[in-house]
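Read through the structures below before going on.
Common to both upcoming complexes is chain A, partnered first by chain B, then by chain C.
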Partner chain A sequence: MTQRYADLAFDDRMARVDFRVATNAHIVVDTDVCRSCTTKACVHACPANLFVPTDDGGILFNYEQCFECGTCYLVCDGGNAISWSYPDGGQGVVFRHG
Partner chain B sequence: MMRDRAGPSGAAVTVEPPATTDFDAIVVGAGPAGSAAALELARAGHSVALLERGPFPGSKNVYGGVVYGRVLDELIPDWFERAPVQRWITRRQTMLLSDERSLTVDFRSQNWGSAPYNGATTYRAEFDSWLADHAQQAGAVLVPSTVVTSLLRTSGGRVVGVRTDREQGDLTARVVIACDGVNSFLAKQAGLYPGEHAEHTTLGVKETLALPKETIDERFGVSGSDGVDIEILGGTGGVPGGGFVYTNHDTLSVGLVLGLPGLAKAGLRPEEILAELKRHPSIRPLVRGAELVEYSAHLIPEGGYRTMPRLVGDGLLVAGDAAAMCLAAGIWLEGVNFALGSGMYAGRAAARALAADDPKRLREYRTLLADSFVLADHRKLRNAPALVLSDRVQQRYPGLVCDLVEGMFTVENPAPKPGLRRLLRRSAKRNGVGLHQLARDALTGLRSFG
Partner chain C sequence: MADSGSGPLVVVAMRWVDTHARVDALTGRVSTDARGAGPSEADRCALEHGLRIAQAAAGRCVAVSLAPEPATDMLRDALACGAHAVLRVDPGHAAGAGNTDDRADSGAATAQALAQAVRDELGHPDLVLTGDHSADRGTGATPAFLAAELGCAQALGLVELSYTDGHLVGLRRLDRGRRERLAIPLPAVCSVEPAGVRLRRANLRATLAARTATIPVVPSDPAALAAQPVAVRSVRPYRPRAKELPPPQGSDPRQRLLRLTGAHEEREPPRVVVTDDAGRAADELLDYLRGKGFLA
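Take a look at the complex of A and B:
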């Protein structure tokens, strides 16, 4: 089936990527710090769209479909808001056409 | 107990100097740099472990798609008969995009379509695995699915091994080579980097799009195993960076490189900017009807020579992206060749230091690099990243050039055609560029590339 780009929902886009989901989160976000963050740079910059702003100004974060790229901790304005690391060996994203 | 994690906040672990070591050398990361280093060490007869956090080499790695082969001639002389190549690049285009317009410089060389070949498209999962196989065949021990979480260091500061996330995961060695890519926590733990460097880092996002081979051949004007590489300036939604379209056998790699500070400020999402690029009248006909098979992202160290860390520590060498040895400035991207070259020289310097049992000889790595294309090219192009990522080159020159060319080619008779000089003045003015500035940038460009 051919798919025109514009019709492709983000979930479908992510469904094309192979993830070996780990049981432990490799990234932890301190949502208290996020509440006072004015840029919310992570929300736009994360290519996997894993940062979702909540009504109370905090952040909801899901590590499961992470590309392990490092963008979030580098653009994060909140200093220590993000504890960033790689998933345990062999887990996480597996690219086939990288 | 909280497990040790790799990450920016990790610290080296202090240990007693080991009486004997598990390996002569440990190489961290089975990308091109790591496999080249391990290959050289194994060939020289040293015991070497090649540690990789992915389940197989290449599984964590993303790039645009073109490997330039010259350095492989030295590493694996018959590489072009064996490497898992998608297509050989015989046509290379540089495209300037401005609103709905574009100007393309199109170069074709059939010389590149036969041995010794200039460049090829290949998937990292295949290329990196192929290269790691060579290291293994030479005797290196590949240990996949293993994250190195920290360096082991003596109280005197000498690196003597690594801690991994495995049970009983410490491994000792007489030398460690950090080839752990763009986020290199090991180089940072060793204090070789002065500070953070978000401003010299770009985010690469890429779509792999399936199309029948015949359709690709037709659209890109190639046949057989010939392929095309298009590098794009503009089309990044105002975020400093660039784009690319590369042909594989029956897929296209279409992507963007976006400067992190600009991306953080833009409030645009990477895949939206990519969607815009794909809607451009010059790109849309190339990608029409293609089906997404993979979406991916990875960071690129774009600062070049000026942002490299110290390359040699006590018992430690750094190579490839871990040492910011990627030559990337929006429109062109070379990194695998520099990773291969620097990994090879790191392996060589380590092998000599081991053979002479003299850790001080690790410093020869720097000399080997300085005598090779790795540092020569980087030094020569040290001003290029800043120029190419400058506001003028990014925001104004594509429009200026398109205005100029549009003026040249628009026919408005009976009104007489304006002369080239007048057109240039008009285009420069329209795009807010002073002619002095233009001349200065042209000079910087000439000095860098000339």
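Take a look at the complex of A and C:
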């Protein structure tokens, strides 16, 4: 059965989230492609605020608190700027129900 | 038992607190001393209101406290000021109960024990008066719990209270300097702020008489004080609920996400300017503010 969380505050939901940071980055951003990107859609769309524009027009990316939602991959305007895969088994985002 | 033929029964519930408690700045530990303890200013105002209302209504004013033995002096003072009777409800008699301080912290348990003792010893009160909240860790919840226990109306945090021609009228402070005037039906529980009236001084004869008066003590209802106090399970700042957004239309996942996040709409891509030149940085900021319409 699908459980709904509509009446749970976002921060409360986030308080139940753990991140097991894998050594291998599951998302790699090609900052050379980003330099020519005019929209920087990822900066706005990533719910975890993991994309930060740099002064040389590129992108600084940190995968440590990634929800693995895939939003960045889908909205990216740079074609193949983002290489996306899931973290290794047992790593990544963990949602505690209890 | 209350003399039901002699007008309304006004009960003033007073909390015995150390109004000069010391706090250890290093550990935060609070230490109290019975010698400096007594009623809070709000409770003293409640007693004065009780005395006035009982006099105006030709009723009886009884001061009641759920407190240990050292609180007897506070009740003697109430007698000296003109209370018709007093009653101490001893929290120490609760069977199997732990620290009485902890139980007294629970407004629900305090109200339950007080209401039980008042009903058993005095009958059903027409009016119960208290301070708006106790001076030690008071939340102001006890009067509301009392009203629930006694099944009567409540008017809390009053700055004025008067009884004329059989009508009880209160005035309550609202936000932004407004006031609310309340016609309070009896029976009722009213809590008052320490404002408007001051407790009268007892005369010498009454003070001497009160010194030797017998202060009735009843054990608190064990069931009431055995009730679990409210447990704080977690403390955190208020957080509003997540805003629910209507789902975006269309079936293309990319378009749906772009619409949902607004990544392409009504927004400029972020721009970072790094410079060591303070003048240029200031120009950048001013241009930005001008562009946003904040500067002419």
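As a working rule, the second predicted complex is superposed on the first by the 80 of 98 C-alpha atoms of A that agree within 3 Å, B and C clash if a C-alpha of one lies under 4 Å from a C-alpha of the other, contacts with A are read in each partner's own complex, and residues count from 1 in each chain.
Criterion: a contact is a pair of C-beta atoms (placed from the backbone, for glycine too) under 8 Å apart; a residue touches a chain by one contact, two chains touch by 3 or more.
Here the structure is a predicted model, which means the values were calculated and not measured.
Enquirer: Mind working out whether A:Thr54 is in touch with chain B, chain C, both or neither, as first, second, both or neither?
Expert: A:Thr54 contacts chain C only, not chain B.
Enquirer: For the three-chain arrangement built by superposition, which of chain B and chain C touches the greater number of chain A residues?
Expert: With both complexes superposed on chain A, more residues of chain A are touched by B.
Enquirer: Which of the two partners, first being chain B and second being chain C, lies in contact with A:Ser36: first, second, both, or neither?
Expert: neither
Enquirer: Have a look at where A:Ala45 lands relative to chain B and chain C in the superposition and call it first, second, both or neither.
Expert: Touch partners of A:Ala45: chain B and chain C.
Enquirer: With the two complexes superposed on chain A, say which partner A:Tyr86 touches: chain B (first), chain C (second), both, or neither.
Expert: first
Enquirer: One more residue to check, A:Val17. First (chain B), second (chain C), both or neither?
Expert: first
Enquirer: Thinking of the overlay built on chain A, is A:Thr71 touched by chain B (first), by chain C (second), by both, or by neither?
Expert: both
Enquirer: Once the shared chain is lined up, is A:Ala9 touching chain B (first), chain C (second), both, or neither of them?
Expert: Only chain C is touched by A:Ala9; chain B is not.
Enquirer: If you lay the two complexes on top of each other, which residues of chain A touch chain B in one and chain C in the other?
Expert: Common to the two interfaces on chain A: residues 6, 8, 10, 13, 39, 41, 44-45, 71, 74-75.
Enquirer: Quick one: in the complex, what on chain C touches chain A?
Expert: Contact set of chain C toward chain A: 239-242, 244, 253-254, 257-258, 261-264, 267, 269-274.
Enquirer: Considering the complex alone, what residue numbers of chain A touch chain B?
Expert: So the residues of chain A touching chain B come out as 1-6, 8, 10, 13-14, 16-17, 20, 24, 26, 39, 41, 44-45, 47-49, 67-71, 73-75, 83-90, 92-98.
Enquirer: Could you please specify the touching residues of chain B with respect to chain A in the complex?
Expert: On the chain B side, the touching residues are 3, 5-10, 53-55, 58-63, 123-125, 144-147, 164-166, 182-183, 196, 198, 201, 203, 205-206, 208, 248, 251, 253, 260-261, 263-271, 275, 278-279, 287, 289-299.
Enquirer: State the interface residues of chain A toward chain C in the complex, per the touch definition above.
Expert: 6-13, 38-45, 53-55, 71, 74-75
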